[in-house]
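Each of the two complexes below includes chain A, the first together with chain B, the second together with chain C.
Here is the complex of A and B:
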């Protein structure tokens, strides 16, 4: 009995000693992760404090849930509705568009043409939202293309950046334009792996192309679609604030339909007003996000273990 | 016969739709480009159009005349991108190699520490307070590089899976018999064989650094230290910054000048992209498969 324990202990010690060179290799990254990801967790308490820069985190006085009260009284509903509303709609819409684009892209026969469309479709994904804001500006400014175009039909100029009602559509178009390509490539790479024999068999049975798409392609894509959508659902509480901030040019008149949790926090940070309150908003987001990711990851695990994040 | 016809019809439909999509992607780029070459006063009176009503290179001339401002911003962004990408690889690859060792002592704990960062984070404000109050990154060039260094622990996991799946253990064993150290194995065997994934990561990271405007906005308040995206961001969103650029002379082509800088801001990406396109596709699909 005793000897068994000793050898076991010795084995662990040897394993540890053998691991030391590897620890040294991993050290820089681990230090970085601690600095970048773990140390800020200490700052989460700002959400519960009457934070003043001079006093620092530790020196500021506790204020309980006061920061959250403000948030829930006025803005929480608006920013939550905008965040979840947009993210949910876009998740569904972009999935549909990109599945179909992938199917069409798979039909392209020439290698050159295929490569051309593939490269082009991803190009928007590379572009910074800062630049995209300029592109949108050329379309929507008072002297923009859209107003010039409307002028041809004798319609008066629209001041786009002050009219909230158009923005849900504008943001949707901009978002799809930028992000559809990425998903298309993912679905395409799944499609390419499918065997030709199913389609050949279907053709022999006289199934048309459309029938092949609905009866073979989409059912075979289903696992990937479910996975992508489920993972997307976990992220539904996070919005890309670059999009909401840059493309709307941070126009205050549009906040009703363009303010999300992320832009709310970002504005508070850059304007320096009420850090406690925006920290409360960030805390609220982190918690909800964590719960959502856990739930949907558990669902993904149920469907297919390999595709889960952990 | 009719079946063949039907099939061809579907292929034709695919081509038509993809062509429309291609147009929808190219047109906005073209419009930005065309608008930047439009004469300023013509644009104010008649608006922008697909083909400039009156061509002018005044905007670009102005940008060149203020090259000490824009050129510096450009140079900063280039340096940040290059340094950031190199540093990212230097930090990511060895850590991924460590995690790829199945008999590493404490592997599960270390993996958990990494994965947890993907699930929960302190948010922007906590990060900001951390970097400014403890590490004093405010107005330091490091603020461009450090906060984005490993955009997600996911990158490390991606490289780790590559090491695990595409490099057989026998290679290491034979090297060890030849007297190579663990570090020697990493440098001489793992790195050369992992080139495709490292190129992918470098490209993704490079794009992230090139496009980043957030860190500059948080941490850099000194105009002289701004990268090109921050200059663009401020021209777009802050009238006071715009006035610092344009006070000296009257008749500056304010609108078209911005567009000219935007065009200069995307040019490098559009030039580099075709060369690295295949790595990019690879990166996306690899991410999806292991996602």
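Here is the complex of A and C:
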């Protein structure tokens, strides 16, 4: 028994020695992450402090949970519902669209056309929301494309920016249009790596394209999908501020369906610079996201252990 | 084993983080100590010592100015003999101003003189301990400036000391009809007589515009964040743009001492109803809130041609300068002044300064020496500007705002009655200036009062959010059911706790008045 442990230890050491070059290769990235992601953790305490610039982080006095109060003051339900509701719906919707698009690009289209479509769906991802907001405005303003189009059919003008009921759909379209491209590329790159032999074998056995997709492609994509959804869970309580602020042109009448935690925090803290309260908001978001990631991972583990990330 | 290594690793990281933080604080303490000793040394200051380098903030729009050093050299020729200081400008983009000030003391950089307004609030900076109390230093080193500033100094007082000096001696506002004179002439639009800030007068003016052949609109509410009510001069008691009215207001600043919730008043409802009527009749730009076009841009595009607003002394010529539109103003006569508008242009000395005494001497020099102020504002004559008349300057030939080497910063130094102004300002403008001084304006009852909102900050955040939600669309006339929406607005404000804020504000205000009366 003893000898076994010794050899195991020795083996581990040898293994470590063998992989030193790889550790060295990883070192810059690790240092980067420590400096960029771990050192600032020290600042988390600002969320619980009555922060005064001149007293510094350590010198400021503690104030308990006072900084968090404003998050639960009046619109807590609305901002939570909107933030989580949109993010969760989009996470599922965008995953479905991206996987579909990736399979479509991989299976149906020829090489040259594939390159073209790849760039085409990636393009919106690279456009800033500030510019996108104007693109949307061209469609939705009172004299915009949509209203002109509706006019051709004798339908009355719709004042889009004052009618909350349309916005869940508008925001969903805008968001999907912008973000599916990136996810599609990730799924596509996974797909390209699959061995041809599975498909050839399936074809020999008489499986059609549809069967191949459902029985081979999607099961093999599963780890990537789980990974991407878990990462998405980590963003579930963060909304893209520019989407909800710029694209809606910050129209107050839409807040019922467009106010998220990020736009609320922006509006609430415009007067004065309160580091404590803004840190509290970010801290609260991080906690919720962390819990969501843990829950999702636990569920995946329950269902199939080998697919869980940790 | 693996776990233990991980734990060790985490402990190391945390220790490193803690040390990093401590290091910062220590650095800062060192700075403060040397600052104190510097101050002590200044008592025995004599001309033999090395000139002290003052770092002065220069807020710009983000365009770098290549000739800054050349101007600094010219400035030093004045400042070294006068107060044994050299000046070093630190150019900061206005969008970064608040962040840079918030980082003072943590990045080890020194800034002696900063602007306390411009996207930051003086009381905030004081609460964060960033500004040096100036009371004693001013008396010793800046008697001329104190005399010039006069009653305006009261508005620089927070809690226990003076924390800034006024940068503008003519800060009052006045009701004015602002209009595009060229277009008015072109379409023969008449301006009704006996101007007054009332709905009747506005309606008469707007009607003339709508009756003419001019096809545009009369007026634009822009993004609707500013809170204006026809005929009222209220004191917003320090609330900032975007959350106007969050602290409650004095409805008639010159006489009232009771703080009220402006959104609960009939006057607010009337204004909203009137704005909706203008919106329906095509008087107002209908989509200014969503298109993001503000009044100035709309005027430049000749989309709108008139407004009645409370504006300051430089508004009309500045508008002419920015828009290129032949802007004219008809003033109504009475000027008003709140305490809030003083620190907006105020200059303060930060705690990172090693020699606050020198900084105060410099401020005194800037506000009393027009030659120095002109240099700081416009650069060197013949290179960066040319004189047109006694006070009016313009760019030299072949030079304009896009390629001038210096002089396009946003902030302005010095006494506006003495420094130059760029065309299209005129010599006559200097004659109108006096009515905007504190002596000729009606002062607010709360002049010099600063509300400390820290005990109700949760409510302030919640109420600010509610105001941001409801007010802009009402101010832009976009709401169909005005009365219902205002009802909702009022209820939401109550839930968010505006009454707590106003009660606290009233309590502090009463205390302040009692202590002032003594």
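Here, the second predicted complex is superposed on the first by the 198 of 310 C-alpha atoms of A that agree within 3 Å, B and C clash if a C-alpha of one lies under 4 Å from a C-alpha of the other, contacts with A are read in each partner's own complex, and residues count from 1 in each chain.
The rule we apply is simple: a contact is a pair of C-beta atoms (placed from the backbone, for glycine too) under 8 Å apart; a residue touches a chain by one contact, two chains touch by 3 or more.
In this text, all values refer to a predicted model and were calculated from it rather than measured experimentally.
Colleague: Thinking of the overlay built on chain A, is A:92 touched by chain B (first), by chain C (second), by both, or by neither?
Modeller: Neither partner.
Colleague: One more residue to check, A:161. First (chain B), second (chain C), both or neither?
Modeller: Only chain C is touched by A:161; chain B is not.
Colleague: For chain A, which side has the bigger count of touched residues, chain B or chain C?
Modeller: Answer, by number of touched residues of chain A: B.
Colleague: Is A:259 touching anything from chain B or chain C once the two structures are fitted on A? First, second, both or neither.
Modeller: A:259: touches chain C, not chain B.
Colleague: Under the stated touch criterion, which partner chain does A:75 make contact with: chain B (first), chain C (second), both, or neither?
Modeller: Second partner only.
Colleague: Report for A:59: first if it touches chain B alone, second if chain C alone, otherwise both or neither.
Modeller: second
Colleague: Go through the superposed model and pick first if A:270 touches only chain B, second if only chain C, both, or neither.
Modeller: A:270 contacts both chain B and chain C.
Colleague: After lining up the shared chain so the two structures overlap, which partner does A:39 touch, if you call chain B first and chain C second: first, second, both or neither?
Modeller: After superposing on A, A:39 lies in contact with both chain B and chain C.
Colleague: Touching A:291, do we find chain B (first), chain C (second), both, or neither?
Modeller: neither
Colleague: Quick one: classify A:303 as touching chain B (first), chain C (second), both or neither.
Modeller: neither
Colleague: Both chain B and chain C contact which residues of chain A?
Modeller: Shared contact residues on chain A (touching chain B in one complex, chain C in the other): 38-39, 41-42, 56-57, 137, 141, 249-250, 268-270, 275.
Colleague: Can you tell me which positions in chain A touch chain B when the two form their complex?
Modeller: 12, 15-16, 18-19, 21-23, 25-26, 28-30, 32-33, 35-44, 46, 56-57, 101, 103-105, 107-109, 115, 117-124, 126-131, 133-135, 137-139, 141, 143-145, 147-148, 151, 177, 182, 185-186, 189-190, 203, 206, 208-210, 224, 227-228, 231, 242, 246, 249-250, 265-266, 268-270, 275, 278-279, 282-283, 285-286, 289-290, 293-294, 307, 309-310
Colleague: Hey, which residues of chain C end up touching chain A in the complex?
Modeller: 13-14, 16-18, 20-22, 24-25, 28, 98, 102-106, 120-121, 124, 127-130, 223, 239-240, 242-243, 246, 286-287, 289-292, 351, 453, 457-462, 464-466, 468-473, 478-480, 492, 495-497
Colleague: Which residues of chain A touch chain C in their complex?
Modeller: Its residues touching chain C are 34, 38-39, 41-42, 52-59, 66, 69-70, 73-75, 137, 141-142, 159, 161-162, 249-253, 255, 259, 264, 267-275, 277.
Colleague: Tell me, which parts of chain B touch chain A in their complex?
Modeller: Per the stated touch rule, the residues are 3, 6-7, 9-11, 13-15, 17-18, 21-22, 24-26, 28-29, 31-32, 35, 43-44, 46-50, 90-92, 94-95, 97-99, 101, 103-106, 110, 113-115, 117-130, 133-135, 146-147, 149-150, 153, 156, 181-183, 186, 207, 210-214, 217-218, 229, 232-233, 236-237, 255, 258-259, 262, 265-266, 269-270, 273-274, 277, 280-281, 284-285, 288-289, 291.
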